[in-house]
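Can you read through this structure? Questions will come right after.
For clarity, chains are labelled A, B and C in written order, and residue numbers in each chain start from 1.
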Amino acid sequence: MSDQPETYSAAAEVGAVRKRRSRLERIGLLLKSAPPSAWFGMIVVTFYILVAIFADVIAPYGEAEIHPEPFAPWSEEFIFGTDQIGRDVFTRIIYGARNTMGIALATTLLSFLIGGGLGLVAAINRSWLDQFISRAVDVLMAIPSLIFALMLLSIFGSTVTSLIMIIAVLDATRVFRLTRAVAVNVAVMDYVEAARLRGEGLGWVMRREILPNIMPPLVAEFGLRFCFVFLTIAALSFLGVGIQPPTADWGSMVRENASLIQFAQYDMTAAITPLLPAAAIALLTVAVNFIVDWFLHKTSGLRDEH
Amino acid sequence: MAGNGDKTVGQMGRDARLNAVLATILKRLGLGLATLFVVSAIIFSSISMLPGDFTEAVLGQSATTETVAAFRKELGLDKPAPLRYLDWVGSVLQGDLGTSFSGRNASGQDRSREVIDLVGPRLWNTLFLAGVTALIAVPLALFLGLTAALYRNSAYDRIVNAATLTTISTPEFFVAYILILFLTSLWPVFPSLANVDATTELGERLYRVALPALTLTLVIVAHMMRMTRAAIINLLASPYIEMARLKGASQSEIILKHALPNAWAPIATVIAFNLAYLVVGVVVVEVVFVYPGIGQLMVDAVTSRDIPVVQACALIFAATYILLNLTADIIGIITNPRLLHPR
Amino acid sequence: MSTETNGSGDILLEMRDIRIDGYSDERWHDIIKGVDLTLRRGEIMGLIGESGAGKSTLGKAAMGYTQPGCRLTSGSILFDGIDLVAASDEEKRKLWGTRIAYVAQSAAASFNPAHRLIEQTVEAANRRSIRSDADSRADAVDLFRSLQLPDPETIGSRYPHQVSGGQLQRIMTAMAMSPRPDLIIFDEPTTALDVTTQVEVLAAMRAIVEEFDTAAIYITHDLAVVAQMADFIKVLRYGEEVEQAPTRQMLSQPEEAYTKSLWSVRALQKPEIKGEDMVLTIDNIDAAYGTLKVLHDVSISIPRGRTVAVVGESGSGKSTTARVITGLLPPMSGSVTFNGETLPPKLKDRSKDQLRRIQMIYQMADTAMNPRHTVEEIIGRPLEFYLGLTGKEREARVIDLLNMIELDESFMDRLPSELSGGQKQRICIARALAAEPDLIICDEVTSALDQIVQEGILQLLLRLQREFNITYLFITHDIATVKAISDEIVVMFQGKVVEQGLKSEIISPPFPDYTQLLLSSVPEMDPDWLTDLLKSRDA
């Protein structure tokens, strides 16, 4: 054993000093370490986003343009044929990407605004307000959200606005629970107490002390909630009470063309047509799930204690 | 004397134990009832949130003032809300769920049906489908979840995980249509329409619900298996499991003797959660297979804005959901050693 | 570095060149870097080291067990001639619980909540049919009795949550002893206990190990505790052996500088000075959490520029007292007077200047700093908030403060995760200092740190006190630290002040009963301490 230096110097103590890197370098490094599943997810999501943004450019026809032949087979003119009233399926899948994803994104953002905001306030406040919101959320969550959504839609009607509002409010309950839970864990930290002892206001404590520390789980949850909202809207549209025609939407497209499946023995391409939008939904949710899985693994680190 | 004294002590112990468990169960029951009360109030008040012109929508444009007034009176809209609520709860408890909106017209002729007659047979159909699914899905999912947890990170675990992750990312109707494509269109094994009625024989009934049940099973098993795996892994990470291992217990002893007695509560929660999920999944699957269940009824009622039917269905779904969660919590309470053996 | 033991008995356990890796941050790190260990029958080895030294990992490896997330990369383990590295799981299971037993740190978590204590006690012996079930149960009762458990006949029929932590730890010792193993691994068995309970558990464990002449490895970070238990001591640091020697020799003539440094805090001595000018007095405070009353009529006076240490066991109310002073917990009755004026009981009613003058330093520097803020932001915030310093002025003052705590400006843009434990605590001190306070409340500030770092922090605090005439309220359970740095001592027990006075008055007789119990229960660096204490308590 070599002798330890007798003189003690605080500055000489070993700390795990990280190499400083710019944000761009860090993102580059992060991407390099991504597993194939995450790569797959990121490519798929990027592709979907591009399709949604450039829908007007890519789509060969107008969103609600009706052609003379309903249920036309796959051809050069209509890549995936036409639907029950003669609209081009390929065009509607492209516009469906924009509509379905856009509405799901708006809904998820709104639910995070409501649920996340209230969750933060409840976690810091911990008084009657916290009690009140928490109990209200308990009750809302005591009813399956699809059933609740169905009931509310029957009252307010199936417009895009009411769809977004209803699902956002119902989904905000789950966002609230998560935000509150992770924020409470941070709010009991000594550094939050230190900030309060210093005399900092609620705004500083929320913005500077708590929010930066709960971002990773919230980002992951955003991905998962987006999937859930996306599937809920697709299910509602499939049931005929979600996004209404003539707006192109993947859920309702499945329902409208479902009868084609029985012709599988005669024309396989026709039978696949209603499955295309369903596959588009599934592919996106799988892709997002893969990214979230990787992100969670990265941020939680899955550390083993020893 | 000594024996006598011992008996009294034992008696007191048992009483204290019963009291602690009973008190906790009663508390939980009270909470469940309170939730049901609030939920029923929300469902009830939905009718008051309807826009004012809904009578026109129900009765038609040409409805006379008298017909509208009579309809409003029948709904009790002329009475104060709390009173109407009590009336409503009272009749629901007696099995009277009100009268459907459909079948009415402007002339005041009323061919509408009692909600209970609409809901009754369909509720039975839905319970049948859910029951068949649960019988297959619950044991299968528990087995898969348990084995995946025991052989964590093995190839088996990874395959099951990837498969279930894909399944839960997929809309129920996609699973359903793929099954239809393969099992009815390409290879006609099962019927694609699950039309049953009261006269259908049990064997025939089982044959017709095979595809809907299979669809639901796939979806539920995926969710349930993942949750079971997580719960078991969490349990196996407890220090007392490591202690058992260091005391020389074999793998089977660890599972059966040390993990299982503590696993009832988490497993009950997983089962209840997924049966509740089944209740929701049933809606979409019933629509796909045109199965005459309560879920399809509700969707139809939402489309035609037949509020009494929607209310009845929502109440039934919510009550089932609350009841399932209540059951899981009570199982957790009666298997908790801290409550069974208070200090 | 020879193994200087009595050398008479035959070798029970022999470990050669043990190397173990642990998996974290997505790669393997070496935890144990080639350690040898030899233990003879009936011997007790003390294995000591700071947290992270790898002593617990090494202790479990002695059973042939590696935790999930760890792997043995090289080395040999021979237990009574059996090769534990080559042995199958089945062969190892036959040894575990019967010939090698394990006593865990947290008894509360290590007992299965679903089974009665007696069932768990006899489980291992019954599995290998060492004796009949009835004999095992009778034997367990005997063991409970020798471990001085209350109601030995019936305590076994209780469930784990129905008995106290100290009792559970003794029952776990009985569980380990039940099959009469050749070797017991004690993994920090008394760390979670209060000092007064620790003494009883230590005495019981030592007596029973001596009675059956069982070999043992006793793992702890507390040198004074291990001195009572072990025949010889092995010191570990960063997964390597520092030195090994018989207990008495190790205590009187440690060879390595690191081992010597483990004693250093005890060498620090500050002469007490009486203070007259009171900076803070709290009078007749009653306080409660909800309906649970935790402080009863507490009055304490703190003289300016002095250090007042508050000592007591967990639950004595010492941290609650700090919460009342800072305004986090408004008291039910009583008042806090600071610099001659009465402080508003609630935090939000206090002025910025009042808040500035009382600062706090926490036990865990890790959780006391926001992991997303840099050192400059952490120290700079109070400068900006209280003193209105911004830009260059603020930066210059931050560098000043860093120099004061013996660090330099290269630390400015580091995050807390890039600092060592001692550096983190120094940054916390700088943050408190930045507010230019009159009073700093130090809540167990050194108890999470390595010994040598502790000494550095304590010396820094004393120097700052001399330079700026700062007052410290020092909350701790560590009597050695108290003796080293305090002027006055307050002893608390169950929410009441037992005694307050100058250090010399408190730590010399005559003592009130509780102070006597508390002071006498603190283990001393003397192998005969426990024996003498038990003799004097019997008398």
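Rule of thumb we're sticking to: a contact is a pair of C-beta atoms (placed from the backbone, for glycine too) under 8 Å apart; a residue touches a chain by one contact, two chains touch by 3 or more.
Keep in mind the model is a prediction, meaning the values are calculated, not measured.
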item	value
Higher-contact pair (C-beta pairs counted), B-C versus A-C	A-C
Farthest chain (mean CA position) relative to chain C	B
Centre distance in Å when chain A and chain B are each reduced to the mean of their C-alpha atoms	25
Centroid spacing, where centroids are CA-atom means, of chain B and chain C in whole angstrom	50
Chain A and chain C, separation of their C-alpha mean positions in angstrom	45
Multi-chain contact residues (two or more partners), chain C	67
Of all residues in chain A, the ones touching two or more other chains	none
Complex interface listing, chain B residues touching chain A	35-36, 38-39, 42-43, 46, 49-50, 165-166, 169-174, 177-178, 180-181, 184-186, 192, 276-277, 279-280, 283-284, 287-288, 298-299, 301-303, 305-307, 310-311, 313-314, 317-318, 321-322, 325
Residues of chain A that touch chain C when the two form their complex	1, 3-4, 6, 8-11, 13-18, 20, 189-191, 193-194, 196-200, 208-209, 212-213, 301, 303-306
Interface residues, chain C side, partner chain A - complex	1, 22-26, 31, 57, 67-70, 240-243, 256-258, 261, 326-328, 347, 350, 352, 355, 359-360, 362, 364, 367-373, 381-382, 385-386, 405-408, 411, 413-415, 417-420, 422-423, 426, 431, 435, 452-453, 455-456
Chain B residues touching chain C - in the complex, by the definition given at the top	238-240, 242-250, 253, 258, 261-262, 337-338, 341, 343
Residues of chain C touching chain B in the complex	60, 63, 65, 67, 93-98, 101-102, 104, 106, 109-115, 123-124, 127-128, 158-159, 161-162, 175
